[in-house]
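Following are the structures in question.
Okay, so subunit A shows up in both of these, paired with subunit B first and subunit C after.
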Partner chain A sequence: MQHVLDIRSLHVTFHTGGGDIPAVRGVNLHVAKGECLGVVGESGSGKSVTFLSVLRLLGPTGKIETGQVDFLGRDLTRMKPAQLRQVRGGRIAMVFQDPMSSLNPLLPVGDQVGEMLWAHDKRLSKADRDARVLELLRMVRIPEAEKRLRGYPHEFSGGMRQRVMIAMALACKPDLLIADEPTTALDVSIQHQILKLLRALQAEMGTGIVFITHDLGVIAQLCSRVIVMYGGLVMEEAPIAELFASPLHPYTQGLLASIPSIRQDKARRLCPIPGSPPDMSRPPAGCPFAPRCPHVRVICTERQAPCLVFSGGARRCACWLHSPDAPADDNPFYGLAQGGERP
Partner chain B sequence: MSETPLLQIENLTQHFPVRGRGHKVVHAVDGVSFAIGRGRTLGLVGESGCGKSTCARSIIRIYEPTSGHVRLDGQDITRLSQKQLLPLRRKMQMIFQDPYASLNGRMTVRALIGEPLRAHGAAESRRDEEDRILRMLEKVGLTREHAGRYPHEFSGGQRQRVGIARALILRPELVICDEPISALDVSIQAQIVNMLRDFQQELGLSYLFIAHDLSMVRYISDEVGVMYMGQLVEHSPAEDIYAHPLHPYTQGLLASIPVPDPSLARLQDEEGLSGDLPSPIDPPPGCRFHTRCPHATGCCREEAPALRNVGGGHAVACHLV
Partner chain C sequence: MRAYILKRLLMMLVTLLLVTLLTFTLMHVVPGGPFTRDKQLPPSVLEALEKKYHLDDPLPKQFLDYLSGLLRFDLGPSFKYTGKTVNDFIESGFPYSGKLGLLTLVFVLLASIPMGILAALKNGRWQDMLLMGLATLGVTIPSFVIATGLLYVAAFRLGWVPTFGVEKWQGYILPVLALGGYSISFLARLMRSSLLEVMGQDYIRTARAKGLTETRVIVRHALRNALIPVVTVLGPTVAGLLTGSFVIEKIFAIPGMGAHFVNSVTQRDYTTIMGMTVFYAAFLISMVFLVDLFYCLIDPRIQYK
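And then the complex of A and B:
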């Protein structure tokens, strides 16, 4: 299948007064046309930074050190600002976590959606633009859209604002929509509505979606493939069903074990991952998960494991214990691991 | 019931005046009643703005309740002066949601954990105070080396441990946990929940546990109350409310939870809740949920349903049940 986005060995560092923070340390991933890719990770795992650097929205301190970001064959890391502006919001759109601060409080929402259309197509007449704005607000199921488009953001609830953000994002029919925790600030009931909407819109328009979240439940409901990030690296990648049925990386296993299911046996204790995520201003030398890993070996603390490929390329996992030359004794993955090959 | 429950609230109402709008008020909490027994946990769930946090704050009188009664250990504390209330505050403590905002960044962890002891004159000597602080630190999984550090040197999970140490150092009987885990990373949430459960077993604490993560609430609670627009709409033993939700709002809320299991029913099959919360300044007449309820009838638009018992400790406020 054709790839919309290809990220290759991306390294991003923030140069701050307190020292350098290598937030992304060699990420490889792709997004296929029309698929919904889930990206999970805790705060500081580098999941947001990876996708902010796709649109080069890192701010003054962040810098893409090395790596390539291919979008439909063009490298975004080398693109000129003028060209990049056409991609931003036009071909690749983004929806952020906080719909309160992403909208201009001084402009009616209809104008803000219209501005998006104007910015990317100056030839569109005012009448056509207004008609399209109305169509977009209806598409994201805003009730009484013709009345609401003259309303200001403060007159909208959180869920409605996020719908406006989605309408803006989809205004130019992008090839890729990056949704960075779009429902984290919303209630479950509103989150449910937004997720349903995204699913329906994706089916209608065939837009590729990258859904960044820390909520495995949301991923399970929405995505077909998942990338698990930790400490600025991809730890595991798998089709959705396989990730939940047989997680390969100890971090993924720990993450899945630490969330109670709605049918959890209450007498049993939860199994949290001990310790806390690494301090990225001083990233560990080896695997970033080694200090918290129940299966840690000496090599894990010395060198980062290579990303091994499983299931004919559909899965990958960066863990030494899955390596074909990992010792058999005391290795919980031995046997299971033999499918691993170096890419 | 033979034994008096530790906390009993009756018809608790909390209205906030709206500035510049005549005599209009926000109906944050409207006639909520429940009780929590010793060593028990009541989980309170609902959408943001439903009044669950306000309810907690009115109980410990961060807000002065508009009307209703709060009884701690049988004693009505609603109208006590702050001075009379002070000795009772030792019995009830609170853990807050945001471990970044709830700790004073200029105080060391030692001073933060020792503050409640000083406020209540609970330590016999400096030596006793120091001993108790260090013991508490170890109990919440920190070490004595942490005592001299400042909050910014800690991660979110560690800060929440400091918040818990502050709440527990006076050996309270009731702890109100207002979204204690929602600001934490997934892998850390389970650490904190396990710790809260251990403390409950060891010290016989009662919890009022407020959260919007319904799976976590089910796991930690004995009973669950569901709030909607300032009112309790359903209240039952925890297992029961998840297995047989009776109120259409509870049903919608449960259907909205994303289940971390890709093999289970996916989004499109689930009903969920439609629409948004109406304004709490002019709540809808009759049942407050009727504007979003898929089963609403004429009766629901006119008459407010009372919370009534339907057997097995399960109570629901709906005309149709």
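And then the complex of A and C:
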């Protein structure tokens, strides 16, 4: 299948006053045409940064150090600003986490959606544009769209604002929609409606979707393939069913164990992953998950495991547990040993 | 909206009444009076003077009398300049102060907002450093120092502009620069920090993600949002500029209101103190009110009920 997006060994660093923070440290991934890819990880795992750098929206401190972002064969990291502007919104659109702060508070929502059309087709007449905006707002199921056209963002509820954002993102029928935690700021019931809407629109328009979230449950409802990120690296990639059935990476296993279930036995307690994510201003030499990993070995703290491919290329995982190159004499209970001495 | 305006107008009257009462009280607390001299006046003369100006009435009666005069826009006679009323001072002084203030205001707006925008867009680079360095000087150096410096260089050394008086239009140049120095610096800094904050907002990222040019992102999405804090401080700034500055008017020999304001206090010229304060207060309150109304136009989130 053809790839819409191909990210190759992407490194992104934030140069801040307090030192450099390598937020993305060599990410490889692709998005196939029309598919829905889920990207999951904790805050600070580099998932948002990876996809913000696709459209080069990192802000003044973030810099793409090395790597390629190929969009239909063209490298976005080297594209001239004028060409990049045509891709932004026109071919690749984004929906952000907080729909309140992501809409301009001083402009009517209709104008903000219309501006997306204007930016990519200057020949469109004002009347045609207005008609299309109305059509888009109806498409995202905003009730009484013709009345709400002239409303301001503060007059909309959170869910309705996110619908406006989606209408705006889909206005130019992009090849790819990057949704960066679009449901995180919403109530659970509204979350469900937005997911349903995205699923319906994807089926209708065939747009590829990258769905970034920290919620595996949301991914299960929408995506066919999942990328798990941690510490600025891809830890695991798998088709959705296989990921839930047989997670390979200890981090993925930990994530799955920490999802509460409604059918869960009351006696069984939720298993959160102990510890906290690594401080990315001082990235660890080995696997970033090593300090929290129940299966940690000496090699894990020294070197990052290579990313191995399984199931004929459908899966990959970066963990020494699955690597034939891992030293055999390594103590698997290193993390539990009090002294931590190497045998 | 109409109800809101009526409510605000009523509140303005209450505020004005309180300002009047407070000034009146403070003024009478201060020892000495308009007829206190180095050489003591004979008691009979003093008594006659006090009787003439009703200063022998009990204070509450004096206050009520003053208020009733105020209702008829009669600010009373000056105690110091016989034959002159406080209304005369305002009528003769305000046109000068107002004209100087208005010119300064236009200049301040035209200079400070573009300065702030440029500094924000060139954040951290030499243009920013230069402008903010100048702005820091402008905020910290007192206006009389700026005024004397300007006078020395532009008027005395180079002879480009007259040293005093506003008979010719060139006479306004230096007073406008000296009077506006502080406001320009202050507003430029405010504009810069406000725009920088807005540029970091999520909706600016959204605008960029739409594929808009940077110019359009700034003009359409950033500027209007960034202007809101600037508009807030504009009300007091306008009132301050238009009612005159004692120092600047003194240095450039402009016959505005500022001199009366200061002299009246040192001379205990009761009616002039009251008149000037009430006039300034009324002006300030009106400007703040206008700014609040102007808010509606730029920010749809603000609705008055």
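The rule is simple: the second predicted complex is superposed on the first by the 324 of 343 C-alpha atoms of A that agree within 3 Å, B and C clash if a C-alpha of one lies under 4 Å from a C-alpha of the other, contacts with A are read in each partner's own complex, and residues count from 1 in each chain.
The working rule: a contact is a pair of C-beta atoms (placed from the backbone, for glycine too) under 8 Å apart; a residue touches a chain by one contact, two chains touch by 3 or more.
Computed from a predicted model, the values in this text were never measured in an experiment.
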When subunit B and subunit C are modelled together on subunit A, clash or fit: fit
Touched partner set for A:Y152, first subunit B, second subunit C, both or neither: second
First (subunit B), second (subunit C), both or neither touched by A:V188: first
Partner chain(s) touched by A:G89 [first = subunit B, second = subunit C, both, neither]: second
Cα-centre angle that subunit B and subunit C span when viewed from subunit A, reported as a multiple of 10 degrees: 70
Contacts of A:C293 with subunit B and subunit C, given as first, second, both or neither: neither
Partner chain(s) touched by A:E115 [first = subunit B, second = subunit C, both, neither]: second
First (subunit B), second (subunit C), both or neither touched by A:L216: first
Contacts of A:G59 with subunit B and subunit C, given as first, second, both or neither: second
Subunit A residues touched - subunit C or subunit B, whichever exceeds: B
Contacts of A:P272 with subunit B and subunit C, given as first, second, both or neither: first
Lowest inter-chain C-alpha distance for subunit C and subunit B in the superposed arrangement, angstrom: 6
Set intersection of subunit A contacts, subunit C complex versus subunit B complex: none
Touching residues (chain side subunit C, partner subunit A) in the complex: 123, 200-203, 205-213, 220-221, 224-225, 298-301
Complex contacts: residues of subunit A adjacent to subunit B: 42-43, 157, 159-160, 187-193, 195-196, 199, 214-222, 240-241, 244, 254-256, 258-262, 264, 266, 269-274, 276-277
Of all residues in subunit A, those that touch subunit C in their complex: 55, 57, 59-60, 84-90, 93-94, 96, 98, 101-108, 115-116, 119-120, 152, 154, 165, 168
Touching residues on subunit B, where the partner in the complex is subunit A: 47-48, 155-158, 185-191, 193-194, 197, 212, 214-216, 218-219, 238, 242, 252-264, 266-268, 270, 272-274, 276-277
